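Next come two complexes built around chain A: one with chain B, the other with chain C.
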Partner chain A sequence: MLGLQILIDGFAISALYGLGAIGFTLLFGVSGVLNLAHGGILLVSAVVAWLLADQIGAYGGALAGLLAGVVMAFATYLLVVRPIQRSRAIPHEEKEIFVLTGTLLWGIMIQEVVAYFTTTSPHTVRPLVAGVSVIAGVRTPTNQLLTAVLCWAAIGLMWLLVNRTRAGKALLAASINPRGLTLLGFELQRIYLLVWAIYGVLAGTAGVLLGAFLGVSSENAGTLTASAFSIVVLGGLGSVGGSLLAAYLVGYLETITAYLISPSLRTIPALLLLVIVVYLRPQGLLGRR
Partner chain B sequence: MSLRHLLPALALAVAVPGAAHAADPIRIGVIAENSAISGIAIPNAAMVAAEEINAQGGVDGRMIEIVAYDDHNSAADAVRAFQRAANQDKVHAVIATYTSEVALALQPWAGRLKIPTITPGAASDEISKRIHGDYEHLKYNFHGYLASAFLAQSVCDAAKDLLTNSKLKMKTAVIMSEDAAWTGPLDAGYMACLPKIGLTVLDHIRLSPDTTDFTPIFNGIEGKKPDVIVTGISHVGVQPTVQWANQQVPIPMFGISSQATSSTFWKDTNGATEGVVLQLAAVDTVASTPKTQPFAAAYVKKYGITPAYSGYTAYDDVFIIADAVRRAGGTDPDKMVTALEATNYVGTVGRVQFFGKDDQFTHAMKYGKDFVSGLVVQWQDGKQVAVWPPAVATGTLRFPSFVKLAN
Partner chain C sequence: MRGLLRSRLFWIALLVLVIAAVLPLGVSGYVLGLLTLAYYFGVFAMAWDLLFGFAGEVNFGPTFLVGLGAYGAGILNSETGLPIPVCVLFGAGLAVAGGLLLAVPALRLSGPYFGLVTLVAVLLLQQMVTVFAKQTGGEIGLTIPDVLSIDDTTNYYIALGFMAISGFILFGLSRSALGLILQACGQDPVEAQALGFNVAKHKLAAFCVSALFSGLAGAMLVFYLGTASPGTVIDIAVGVQVIIAAVLGGRRTILGAAVGAVVLIVAGEVLRPLGQLSTFIVSAVALPAILLMPSGLLGVLMRQRG
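And then the complex of A and B:
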């Protein structure tokens, strides 16, 4: 009974971690950007969905939250990342650090603005479906099951897009050899726009689902970034498969710790695992570099 | 909460209409976390009080001026704000914070800088214990909210009438509180008084305030099969409440849930708070004193939401300070302390008196039927319905259908 409970809860939370992390890793793989405003973007999506659910219903709110994720992703790219990448004043070798710092500060700005308008209290997005489902005696909110399904649907769609479409293949190519791709006549800028759009959809979906599952507060923005970052590092920077594997490792480790040891020690074993992996296999579980 | 509600307090140091008055205004520093519901209620409510006092001509012709500072719920920021309030802005008194850790950090500064200081929202017993232990230095501090020990007592008094001596006939409880300074004495109080009213404590859970997934916690509690979950939560609130409802945890929640004291809690939880029972000092739906409802109405008119629990006490504190200045014949800090000690003021939460130098709870607000006794409300259909004490109750306990009562 407890085993099944851990299995179900762990599966849902891991799916959510996975969805949150693959956008982050894809962005890094394709365009080399580590977006430290990631948590802020999830936060805005969740808060928009929460705010609008009253006016336009749970589904409308969720859709608006998803759109907010895309808008925020483009805002991050166009206002913060691209100006740094194009700047002539910043030496090429320092651009990565500037992007890191820029997105970190942008994330803090987003967090403060959200706190200003909606307080630091957590907000929970209205569940898309109400009620609970009982599976072999384990009572689980139906919305939690739906969350897992939607996460995997989004992950599956992304996989199809990347592996089965021309634009997706160009993305893959950009992650392997951007220069070769430009020589073939592809415009890298358009590929970057595409990857930010995909990232926005993934982050928006993750934000809304997270908001409905656990709730988010402006104070969580940093933690959300850190959690996506550590999952991605654990799995191997830039590796989508690695991120999913790591998400499930972290998700289940946390859930098992919370159930069997203590909820307040929840994150510790996963962080220890991260330290060990970084020490023994710095490229991450499935990383190539 | 929208911009409209936050702006008034965020506009730093707004002089409440002070128009050309020759007399030096009485400046009250207000230090609180502006981005929290229980925090922003403090400057907002103080502003309402100052406007009312000033509209009546002030205190002996001196206007009240509120100088507000945001402490971001950080002890370091609060101390800096306190120093600035004392040294630059020359305030005569301070009303500060709903967080015990912050209130405790300010205590020595109130002593060093000799600024009479009242906390309208922090609860730890340690606040008055320290004043008792070092009276000469710390006597400038007053505890303007019920100490945790009294909060526990109030919850037990209500639980006795509502849960054990009622038709519910409850017998067992699990205590669920957040790990913070204010819950130490609260839990000790619960552990002592719950068995006395006939509730066996099956487990005692102290949860980390960073917890976001409460599933394992509720799951563990359910395994113990208690009749009720007795809560002590303030820094967490929305998430445990929403997850309690979403997971349909079949056990009622009863106790302290500070965030649930504000009317915004309904929207923050999408109504998941339906059925939650909580103790508070005052609420807009109950005329605890003739001042309670007019204040709540004025607050709602100005800010669009009802005051959080700390709003009522912060409003009272401005009047208590004004009253002390009047009786002390000025703003000399030592004379103000003497006057504050003699406080006998009926505010929105009841009759406010402070324990004296020789009492165990020096300068803490007195608890009891003739003083501040607290009341218990339950969220029902978006409203906080008073269910205890019987004298003010307008409804009876009514739980959502997923809550399975033992009887």
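And then the complex of A and C:
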């Protein structure tokens, strides 16, 4: 019984972690950007969905939250990342640390604005569906099941887009050899815009679902970024499959710890696992060197 | 040493120091308290700059070393009541041990991977403080029986002297042969090795020195504040501030990091009447500042002179 409970709870939370981390890893794989404002973007989508759910209903709110994620992703790219990438004053080998510092500051700005307008108390987005379902004797909120389904739907759509369309294949090529792609006549700038758009949709969806499932507060923007970053590194930077595997490992480790040991220790085993993996296999579980 | 005496920067720094030393004659205890905090912060930032600017190690967790020093000293003092200097040295020793622990992965990993290890180290330390709440005081913080001094002016001079000595040593190191070799190791380890320098040894030394000063500053800060809490010495937000201070002040300058720290802390305080928005404004100013002058405040000043 408890085992089944852990299995179901862990599945949903892991799917959510996977969705939250997958955009982050895609962005790194294609454009080499580690976006430390990730948590801030999730936060904005969740808060927008929460604010608007009362006026235009749960579905309208969720859609608005998704849209907010896309807008924030473009704002991050156009206002912070692109100026750094194009700056001539910043030496090439230091772009990475500047993108990190820049997005970090941007994330703090987002977080502070959200805190100013909606306080630091946690908000829970109104669930898309109400009620409780019973699976093999385990009572689970229907919204939790819907979350898992929607997460996998979004991940599946992204997979189709990347592997089955021309634009997606160009994206994949950019992650392997950007110079070769430019030689073939593709505009790299457009590909970057596309990847930021996909990232925005994924982050927006993850933010709204997260807000409905666990609730968000402006204070966890940093924690959200850190956990997405950990999952991505555990799986291997830039490897989508690795991120999903890592999301499930972390999700189940946390759920098992919370149920069997103590909820206050839930993050420790996952952090230890991360340290061990980084020491022994720095490229991550499924990463390439 | 002769080169140091001839450099213009040294004399400017000395002038600033003299001005800072006569400051207690003219300003209130409130301002002194603020600057005291800023000076300890300056040492955090300078120690970080040695590791990042010179050795090229992306350290996202300066507060891991600071926190070890702070809690090491604080716990020893509250458990055994040993005198402050012993506790400070113990904290610094613990930080150096932590630095060595970090150096092991740093020799194998690079860039973002190592950055993540440091980030996780901070998260783990924070969790440990919560788990061993009986000894560490948990989230609320540890109250420490001894304090450095209850007098604002004395505290101010201790912090100023500590920052000046740390700055002198770190700046001297960065301008010495060791600093140059470190810079070479950070920028191109393969070539540095080919030239016959022991990269591992130099990086290890950089970690030890950076950890020593971070730990010392953390321990001193705890005895100044009379309390140690995750929010003041471990939290990632504190580490982020250290990084912003160093980048804003100017990387690879050591002294710039201290300037950045003072600017950041004072700006945060000046904007305090705005309440919650003060952090927003500090970041909103720091972001374009970093974009427009990537070499930092001191870097821009030095370029205009030279």
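In the analysis below, the second predicted complex is superposed on the first by the 289 of 289 C-alpha atoms of A that agree within 3 Å, B and C clash if a C-alpha of one lies under 4 Å from a C-alpha of the other, contacts with A are read in each partner's own complex, and residues count from 1 in each chain.
Convention: a contact is a pair of C-beta atoms (placed from the backbone, for glycine too) under 8 Å apart; a residue touches a chain by one contact, two chains touch by 3 or more.
Given the structure is predicted, the values throughout are model-derived calculations rather than measurements.
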Which of chain B and chain C A:F11 touches, first, second, both or neither: neither
Which superposed partner A:S264 touches (first chain B, second chain C, both, neither): both
Contacts of A:Y77 with chain B and chain C, given as first, second, both or neither: neither
First, second, both or neither for A:Y192, with chain B first and chain C second: neither
Touching partner for A:D54 - first (chain B), second (chain C), both, neither: first
Partner chain(s) touched by A:F24 [first = chain B, second = chain C, both, neither]: neither
Touched partner set for A:A115, first chain B, second chain C, both or neither: both
Touched partner set for A:A226, first chain B, second chain C, both or neither: second
Chain B versus chain C as contact partner of A:G102, first or second or both or neither: second
Those residues of chain A which chain B touches in one complex and chain C touches in the other: 115-116, 264
Residues of chain A that touch chain C when the two form their complex: 34, 80, 83-84, 87, 89-90, 93-94, 96-98, 100-102, 104-106, 108-109, 112-113, 115-116, 222, 226, 229-230, 233, 237, 264-265, 267-268, 271-272, 274-275, 278-279, 282-283
Chain A residues touching chain B - in the complex, by the definition given at the top: 2, 5, 9, 13, 50, 53-54, 115-124, 126-127, 131-132, 139-141, 143-144, 214-215, 217-218, 220, 223, 255, 258-259, 263-264, 266
Contact footprint of chain A on chain C as seen in their complex: 52, 58, 104-105, 108-109, 111-113, 115-117, 119-121, 123-124, 127, 130-131, 187, 236-237, 240, 243-244, 247, 276-277, 279-280, 283-284, 286-287, 290-295
Residue ranges of chain B touching chain A (in the complex, touch as defined): 1-3, 6, 33, 35-37, 40, 73, 179, 206-208, 210-217, 219-220, 237-239, 242-243, 246-248, 259, 264, 267-270, 272
